[in-house]
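Two complexes follow with chain A in common, the first pairing it with chain B and the second with chain C.
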Partner chain A sequence: MKELLKVTGLNVVFDTPAGRVHANRGINLMVNENETLGLMGESGCGKTVLFLSLLRLQQPGRIVSGSIVFDGRDLTKLTTSEMQQVRGRQIALVPQDHSTALNPAFTVGQQLNEALLVRDNGGGLWKTSLIGCSGRGSQAFQEEVKAVLGELALGDLVDTGRLLGRYPHQLSGGIRQRVLIAMALLGHPRMLIADEPTTALDRASRVQTLEVLNRLCERMTMLIISHDLDAIRTTCERVAVMYGGRIIETGPMLSVFRNPRHPYTRLFLSCQKFSRGDVLPEVTGDVLNLIDFPLGCSFHPRCPRAMPVCSELEPAEVHVDDTMVACHLYATGETTC
Partner chain B sequence: MARLRQVMQGNKARWAGIAMLVLFILCAMLAPWIAPLDPWEFGPAFLRPSTTNLLGTNDVGQDIFSELLYGARNSLLVGFAAALLSVSLGAIVGLVAGFRKGILDDLLMGATDVFLVMPMLPLAILVSVYLGPSIWNLTLVIGLLWWPSTARVIRSQVLSIRESGYVESARALGASDLWIMRRHVLPNVVPLLMAKFVLTVAVAMLMEASLSFLGLGDPIAKSWGMMLRYAFLRGGFVGGLWWWYAPPGLAIGLCILSLTLISFSIEEKSDPRLKRVLER
Partner chain C sequence: MLEVRDLKKHFRIRHNPLARLRGHRDHIVRAIDGVTFEICEGEVLGLVGESGCGKTTLAKTVLRLYLPTNGDVLFRGQSVFGMGRNELKQLRREAQIVFQDSNSTLDPRMNARHMLEEPLLLHRMGQRSERRQRIASMMEKVMLSPAFLKRHPAELSGGQRQRLSMARALIIEPRLVIADEPLAGLDPIVSTQLLDLMLCLKREMGLTYLFISHDLSTVTYASDRIAVMYKGRIVEIIDGERFQSGALHPYTRFLQSPERLPVESEVNGDIHFRHGNGGKGCVFHEKCPNRTSICTESSPGLRDIAPGHKVACHLVN
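And then the complex of A and B:
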């Protein structure tokens, strides 16, 4: 398997009036070609900053160190215009909030055309009209849009004319979400990043979106960010768990889900496995403050199995069987549970 | 065009405004054909309104009704040209400042603040005196001095648009800054620009009338401000010759009223939240 994306020692900070926020602290991450990686973690753990940094859209945050090697090129060293060529054409993003990610002033058809125009012109400015997204109404154009929409099971809506002429507010959330996926696919990206693709959806659209994603991950590299564990389970081959700006556990999906090693992963996963009548399980304590995070392992104040060393030393990444975990419980020479 | 029509649909005040403005524009355009007499031709002075001179004649015997029709041309022309200039300037400054933020924003907004705190009429008088009396100089002065408020309004709107989800997703598609500005930011401020444009026409017309009244307009050209000036200087007010000073004054007032009505209705249509505020 060929490595498509390799992130090494990525540090991203935000300078705020309250102090410096360390949103990503030494991220190491690898995605193989044609693999689907799921990225899990609670809100505020740095997931969003991580994938925005992959596209270099993390402003006002700054990448202070580390490298992001995509297909042999270090993205942190590219110029802005080179980066624009990568966005959409190499790495495409499906934004999380489908209710704001489409421009309310234009119809769906105009916005799909725009995705194509951006791809073909590279954002070239003066080839089209000054205002509006009228686009090229050419046959080839239409065909391409139709093909992609057909793949996303929206072909019927196109044929009956109930999609392309509509404004975003006239569509349901599930359809908007798939339109966003279509916009991302029109750039023929090598890798697709889906940011919480199922979070803002109702039950039925969620299933449809998952089916679509499932079909897509058979033919392309994907990075799915979610705290919807079912979504991760049904689509991903490998998963990575983030906490406090670090990746604390990565490994094959099945082995992480069946045998989570890091105490945080264990608690995180248990939150979804409860039956009726049980007390709702939770990870006690608050989400980590990334300005003054604790010394040592960032999880130790909330960890049920914290040891003295946890508050002193930051745990190194250790390989245990087929997974990587950053926890003192598995440090060499220590006894494990 | 369909969208424009949609924006224009609606209440009576709006239609009254549009009707009045269209009437004024028609008068201005058709002045050479509908004016009964040549407004530059001298004749018997100080005539009262009659069937030949609908609004009487002025101090040198020019027909006031014809003057009024020809005056509409220059007043409207200066109004629209100056508004076009100032709104374009304001839009560019606002778009760039809001979108780029940082030091460019600080510089542009600093300049805007300087223009905003300066009293406009004295400044306009000063500049017009330097440039000399002509219609185009008036247009230039008004256009170049009136952009700051537009720039402010547009900038604040752009600041909110640039953080929106669709701008973010356009960036993720690989769109450049210019592309985003043109395709996403500009279309979303067009209704605001339209409202601002119409309102600026009104302000520019008022400004033109003020400057002309003070004697800074072209003394030969016919405009409503100039008519008022001569009525004031040559005893129209003192002598109670209402048919001399009332028509141009009323024309200016009605024209500004109609423009304001249109501007409000565009603003209301583009931001329905305003409607509730206005009805309260």
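And then the complex of A and C:
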């Protein structure tokens, strides 16, 4: 399989009055062509900063070191205008919050039109400000939009005229989410990043969104960021778990879900699977403060299996069977491959 | 402790004249349409249902934040809607609500101390030093360090904000707490932590909860009894222990199963028109897999099936 994206040693920092926030610390990540990678982690662990950096949208943060190689080109070295060609056309983003990501003042049709305009003419403001003018309300536009929406199971709504002329607030969350996916797909990207595609959706629309994503996985490279385990389980082939700005475990989805190796992954997975009568998994401590790190492994203050070495040395990434783990438990002896 | 009798809340949607010319007719949204249940002292009643089924409206109406169209709510035997000024104030002390979105329910310009002190001032509880003490002990109970007292909501993470709104509701020592989706939008680790905290506080302070959520696993975990709501009606009330295996209503079974319903219409406006079904037929008949002719004609009431188990369905005996 061909590597499409390879991130090596990515460090992203934010300088704030309170100190320097290390949002990403030495991220190593690889996504193959036509593969779906799921990225899990609690809020505040740096997931969002990671994929914003992939698109170089991390401002005011800075990429201090590391490389992001996409299809043979290092994205960190591109100029702004070259980067603009990558965004949307090579890597497209489905933003997290479907209620604020669409412009409330334009209809869905106008906004899909805008996505097409940007794709065909480049992202110049003077051109995109013409949205709402029906210059491209042509047959070609209609058909292209319809094809994409049909793929997202919104075809009937277009046929009955109940989608393109509507404003975002008139649509339910599930439809808005799929409209956002459609906008991303109109650019014919090679890779799609979906940020929390199923949170803030109710059950029925969540299942629908998952079905859509599932169908897309078969023909696209995707990076799905979520803490919804069901979403990850149904769509992804490989998963990566993030904690404190580092990727602490990556591996094939089934292997990680059945046999989580890092103590944090175990804790994370157990928090969604409890049933009546169980003792709730013990969760101590608060979200990690990314300014003052504990020395050594960033998880050791909360870790149930912490050892003396954990508070001294940062664990290296170790291969255990088919997964990669950054934990001292596997650094020695027989568990290492 | 709390008794809700045939409670109804209908909202009248009025359009402006221009919209009326374009064919938008005024209509009534039956947000809650005849809900009856009771909560006993010291119990956790879980309320589940999909978004838009009327859970939040029910929570607000129960505490007289909305006036109902019909029906009554009795708190310790006294009608909530017939209360005078002083009685109402007493009700507000004993029954508190934790709203859904801590982002928008905490005043962005108040720091944590002011927010916790305000309810004490409103209810004239304690001298200055005593208030200080209460605030400190409350912060300890919800596991926030005293350093957070000076912080504004924007400086707190989602979990911390939610704990602060819990603290704000609990500081006047209420008996009944209505928690409206307290865990929504939090990541799994933080929400487990918060659920644990809520159950601890319940034991410690002897609280009664109405726990509203659309997440089945947390509700099943935390509740003594579970009420399932659909389109403004309660379709099933069942003991928490039997919920997984013994639920009978087709909608409840759908919620538990991984399949999805046929969705006949998804554009919001249309859902509202059908909301409550105009009182004719079972609320679930359009999507029900095993409907018969009677389901489209008459609306089933909540019937006792077994002790502590009520179902509103024609087909269940």
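Criterion: the second predicted complex is superposed on the first by the 318 of 337 C-alpha atoms of A that agree within 3 Å, B and C clash if a C-alpha of one lies under 4 Å from a C-alpha of the other, contacts with A are read in each partner's own complex, and residues count from 1 in each chain.
Here is the rule we go by: a residue touches a chain if its C-beta (ideal position, glycine included) is under 8 Å from a C-beta of that chain, and two chains touch if they have at least 3 such contacts.
Keep in mind that what you see is a predicted model, and the values were worked out from it rather than measured.
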Next item on the list: After lining both complexes up on chain A, report clash or fit for chain B versus chain C.
Entry: fit
Next item on the list: In the overlay, answer first, second, both or neither for which of chain B and chain C A:P197 touches.
Entry: neither
Margin query: On the A-aligned overlay, A:G88 touches which partner chain: chain B = first, chain C = second, or both, or neither?
Written below: first
Next item on the list: Please indicate which partner A:N103 is in contact with in the superposed arrangement: first for chain B, second for chain C, both, or neither.
Entry: first
Next item on the list: Once the structures are superposed on A, label A:L171 by its partner contacts, choosing first (chain B), second (chain C), both or neither.
Entry: second
Check: Which partner does A:G251 contact after superposing on A: first (chain B), second (chain C), both, neither?
Finding: neither
Margin query: I'd like to know which partner A:L57 touches here: chain B for first, chain C for second, both or neither.
Written below: first
Next item on the list: Rounded to the nearest Å, state the minimum C-alpha distance from chain B to chain C in the superposed three-chain model.
Entry: 9
Notebook entry, point to check: Taking the contacts chain A makes with chain B in one complex and with chain C in the other, which residues are shared?
Noted result: none
Note to self: Can you tell me which positions in chain C touch chain A when the two form their complex?
What the structure shows: 50-52, 157-160, 185-193, 195-196, 214, 217, 220-221, 240-241, 243-244, 255, 258, 260-261, 263, 266-269, 271
Note to self: Could you list, by residue number, the parts of chain A that touch chain B in their complex?
What the structure shows: 55, 57, 81, 84-89, 92-93, 95, 97, 99-106, 114-115, 118-119, 122-125, 130-133, 180, 183-184, 187
Item checked: chain B residues within the chain A interface of the complex -> 164-166, 168-176, 178-179, 182-184, 186-188, 190
Check: Where on chain A does chain C make contact in their complex?
Finding: 42-44, 157, 162, 166, 170-175, 199-200, 202-205, 207-208, 227, 229, 267-268, 271-272, 274-276, 278, 280-281, 283, 286-287
